[in-house]
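The two complexes that follow have chain A in common; it is paired with chain B in the first and with chain C in the second.
Let's look at the complex of A and B:
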């Protein structure tokens, strides 16, 4: 491409011609992807944004401007769900990052078989699928027959059974625990790969100079895996914001919206109460929040990361 | 030359190893519990203290499970996962190649839009999506659970990352040899990105198999359910009949876990490729 800079005027025109042809070819190759993308992503986003300004239900469909948005910020279920969503993300993302770094630093230098066994184990809950995982957790949390109450009582930690999923103090926490176990698989895979790419000679040089393992981690490994950390933070944030199936299957958002998230509420308003415009407004707000979070994270980590 | 790496038994190493083993148990336990639990009698599954290993194994739970249309659900899940996989690989390989290797008007912008869209929760478009497939007349068909997921641009992103590794000289050489654009793609690009396609295929198959949310909003009649949905429905119906539920969970998890174990290498590669460069 560089030699194009020195070509003559006629050459320039020719280059535009080539680029035009390349554009045509490229769009032909892109056509199938674009068709799906426009039909099932772009179109619905625009239509969702549009209908969020309507009082669109099973019976009505009239323009109400920002009406849905104003109602949202006065609605208790929504504010509770907003709070829960933020709590969920703030609660789970740092633990996921720390835990995956902890596990990865232990396993990344082990022999390949042990490494892939551990990687597989932590990815198991992702592969198994939420529905299957939930079956076990329902039993673990079961107030009468569950193992958690039984174990805690046996240890003398509690006197009477706790309704883990039905108590507003514990419901969200119970969800966070399950979300955690189903979220660390991918970060661990990423960190193991990233740590494997850290320049070994730097580490050895530091060790010869008498650096402790903490110093090696802090000054060599941590900066080197920074791009991975950014990526992990972004994807786990997005995934936690979208936490839906765990909530739908474990608590149904209850009790009294104390474990509901915006994502769950969108579903409830759209499919149980048929308030489509209102649900779309909620979706728009969720998209904005995720967008803002992603931008903040990129700004925060941005100067330390090279792309 | 290098000093032999000796694992020193520092307190940190010991403690961290022990902790790793404990969390490993926590992660494996649910899986173990579901499989063994599916062979226990109903009253044993809820007994406390728990019976850690089934003492009188029974197939009753599986008999109850297959009174449901579980095999039909299995077939549906397989079709959803397989067709999603084929479509995603097809559209993503084509698009990823040109985004990585061709400079064309709007290319950078398009890629930016794809990346931004990946951050958007699918659920934001839930209502419009359901309305769309209803308007086109395929709500409550498997196509409704498949096609919208194909629009999600993760695959394009992954294949673009993968296609970056193709040496440009090879494409130019093929052009000089007189290959047309399609031949370049088919003869040069395709063989080189095969590992990427493999990774994407496994990744898509597993996520489509487990895409509970899309299936939930798109499929409703009992015959059309997928395994995930079917078992979720049973959770509502069988409440605390954990034996049957665990049989269902085992039945839905085993095939996908096997696929994961067999293809772990290529799957791991896909996840890593899709993340960050360098």
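Let's look at the complex of A and C:
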């Protein structure tokens, strides 16, 4: 009995040793990526957090505690940008998810050529440079020569040209439209793949039992693509929160900060005004908001996900 | 476990939004005065490699001229290698800011006092006091230009050329509509606010869109500031550059005038255009005038205007008394970054001196910017050129050069956002000007 115990112990030690070595090797494989991650992600995060407590500009670098954060919540540009950021996310993410599922559901069973054509069309804005896209959209929205005003006037929908990017009523909406077109490509690709992986026998069985198309989608396809939905929602939310280049190139945050987002304001304060500490405080707030949104999304969708 | 891992990764991704905001590089301390060139610098046998960042200011805009300039410099100083890098006006300023924070700034920069003096005050430049000899100051003559190159204690920019900012009309269109006689094309071409209004009303009545009051961002914002300052003889700042003053009664009146003219369709609402965009519309012939123009823009857009069948005519900004005393002007010049290498600083100064002061290349370089020489001894560089004679005549109206004021960079967003607010009806003229002055004065204090 005693001997068996020793053998067991020895065997256990040997197994732990192998596991330990495997762990060590795994970490060694991860090490190069980990070094980059620490140097270029974790380091700057900590640095950004640290400097957010400083009046850190081109000329000053003195500790001011929560001074930047207090100023932020008294600043009209920041509060407007905060509101716009949330509106942008709330406005864009559900539409992207619903539209992507809708398109994917229609095209995933088409023949491969048709499917590829649609995937290519929707993915094109993703791989096209942002500047090129913005140039086209600026021309579309141009209040003097833009095709959108021309088309709407030709249809009799408007009498006078609308300043899409310079009118506070339309500026954010105009950005949402562009953000939508540049964001749906990847979710559609993912959903087409996810729907293609749904077990066909389940669908056929349900149909034999008399399930309607909606019931098949609701009870078979939707649960099956839930991991993809979770990924799409989280990634789209984060990308929307970080929307910057579209705003910089289309409206410059205007008019009067009515299309500005926190990410754009970070850029404006850091690189145009050299107020790095203040900009970092905004970055911290943005990170907290994204974190909160992500947790809510995981709570909401996570329970229904089966990996 | 997987859920927790996924949640952790999502949190990290969220935090990664901070990653671009980091950077703990402390503001570099000024070692400009402490840095001394090595002995070789004094002898002129200096061996060094320097980097020159240049905005597209010389006439070909592609850097070809800049490279020729380097080649000429190397004939005189063969041991100094100058590496040229062209930067553009859109992303260039941010690139410089990033480079300064990352300690990768160039050795020489060709820019304007607004940014350069700010860099100087931040302690990242080598001062150029030794280049500002009495001979040089006397040759420049205009004390405003000399003062624009420094902060009162040190000189940070060595000036090459100067030019006024004006506005322009589509002369071809005015001729076609029979309205050309509404412009004063004699002498310094000055005109009044009433005459400006009358011409714009006449053009609008014929269905034309007039000059866009651009304010999408800070691009070309000096144009709208000069417009509002001149319309009723106000001033952006006081003479001693201690506070902004454009919220006086005349400044508010001018802002109200602009709002009314935009509402009436006599000026274009430019809330979705910056200066560059508004100028593009003028060059394309979409609008009848541009509220920002300069000799450099004249030169840059010559071919495009000709291709579009447009002849542009430059005029000063209007003012109530016909004297545009708040005319803004551009000063082109060079600064030298203090990258901690005395030889590089010495070599950079030799390069700057060559570009600005060389008997052959100095005047040639001024002409390549299509501006006027900072040095009077260069004489008349555009003999017989009526247009350049007009630009030159405006030097008497140069206003206070406030681009070197503390907090200048933070003032600019305050300007365009308040003009936007006024044009979109968010604020009254008085609120917009008061809010601008309040924010801009705060920027002076915070600097």
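Definition applied: the second predicted complex is superposed on the first by the 280 of 307 C-alpha atoms of A that agree within 3 Å, B and C clash if a C-alpha of one lies under 4 Å from a C-alpha of the other, contacts with A are read in each partner's own complex, and residues count from 1 in each chain.
Here, contacts are C-beta pairs under 8 Å (C-beta built on N, C-alpha and C of every residue); 3 or more make two chains touch, one makes a residue touch a chain.
Quick caveat: nothing in here was measured; it's all calculated off a predicted structure.
Student: Count the residues of chain A touched by chain B and by chain C, then name the partner with the higher count.
Tutor: B
Student: Have a look at where A:270 lands relative to chain B and chain C in the superposition and call it first, second, both or neither.
Tutor: Both chain B and chain C are touched by A:270.
Student: Check whether A:176 is in contact with chain B, with chain C, with both or with neither, and answer first, second, both or neither.
Tutor: After superposition on chain A, A:176 lies in contact with neither partner.
Student: Looking at the overlay, what does A:57 touch: chain B (first), chain C (second), both, or neither?
Tutor: In the superposed model, A:57 contacts chain C only, not chain B.
Student: Which partner does A:23 contact after superposing on A: first (chain B), second (chain C), both, neither?
Tutor: It touches chain B, and chain C stays clear.
Student: Quick one: is A:40 in contact with chain B, with chain C, with both, or with neither? Answer first, second, both or neither.
Tutor: It touches chain B and chain C both.
Student: May I ask you to decide whether A:134 touches chain B, chain C, both, or neither, giving the answer as first, second, both or neither?
Tutor: A:134 sits against chain B, while chain C stays out of touch.
Student: In the overlaid three-chain picture, which partner chain does A:166 touch, first (chain B) or second (chain C), both, or neither?
Tutor: A:166 contacts chain C only, not chain B.
Student: Look at A:257 in the shared chain and tell me whether it touches chain B only, chain C only, both, or neither; answer first, second, both or neither.
Tutor: A:257 contacts chain C only, not chain B.
Student: Just to be sure I read the superposition right, which of the two partners does A:77 touch: chain B = first, chain C = second, or both, or neither?
Tutor: second
Student: Can you pull the chain A residues that chain B and chain C both touch?
Tutor: 40-41, 43-45, 47-48, 51, 142, 144-145, 230, 234, 238, 241-242, 263, 266, 270-271, 276, 279-280, 283-284, 286-287, 290-291, 294, 307
Student: Given the complex with chain A, which residues does chain B contribute to the contact?
Tutor: Interface residues on chain B, with respect to chain A: 2, 5, 10, 12, 16-17, 19-20, 23-24, 26-28, 30-31, 33-34, 37, 45-50, 87, 90-92, 94-95, 97-99, 102-107, 110, 114, 117, 119-132, 147-148, 150-153, 156, 181, 185, 206, 209-210, 212-213, 216-217, 228-229, 231-232, 235, 240, 242, 245-246, 248-250, 252-253, 256-257, 260-261, 264-265, 268, 271-272, 275-278.
Student: Any idea which chain A residues touch chain C in the complex?
Tutor: Counting only chain A, the residues touching chain C are 40-41, 43-51, 56-61, 77, 141-145, 163-168, 230, 234, 238, 241-242, 251-258, 263, 266, 268, 270-276, 279-280, 282-284, 286-287, 290-291, 294-295, 298, 302, 305, 307.
Student: Which residues of chain C touch chain A in the complex?
Tutor: Against chain A, the touching part of chain C is residues 2-3, 6-7, 10-24, 26-27, 93-94, 97-98, 100-101, 118-119, 121-124, 209, 215-218, 268-274, 281, 286-287, 409-410, 412-413, 416-418, 420-421, 423-424, 426-427, 446-447.
Student: Can you list the chain A residues touching chain B in their complex?
Tutor: Residues in contact with chain B: 1, 19-20, 22-23, 25-27, 29-30, 32-34, 36-45, 47-48, 51, 99, 102-103, 106-107, 109, 116, 118-139, 142, 144-145, 147, 150, 154, 181, 186, 189-190, 193, 204, 213, 227-228, 230-231, 234, 238, 241-242, 244-245, 248-249, 263, 266-267, 270-271, 276, 279-280, 283-284, 286-287, 290-291, 294, 306-307.
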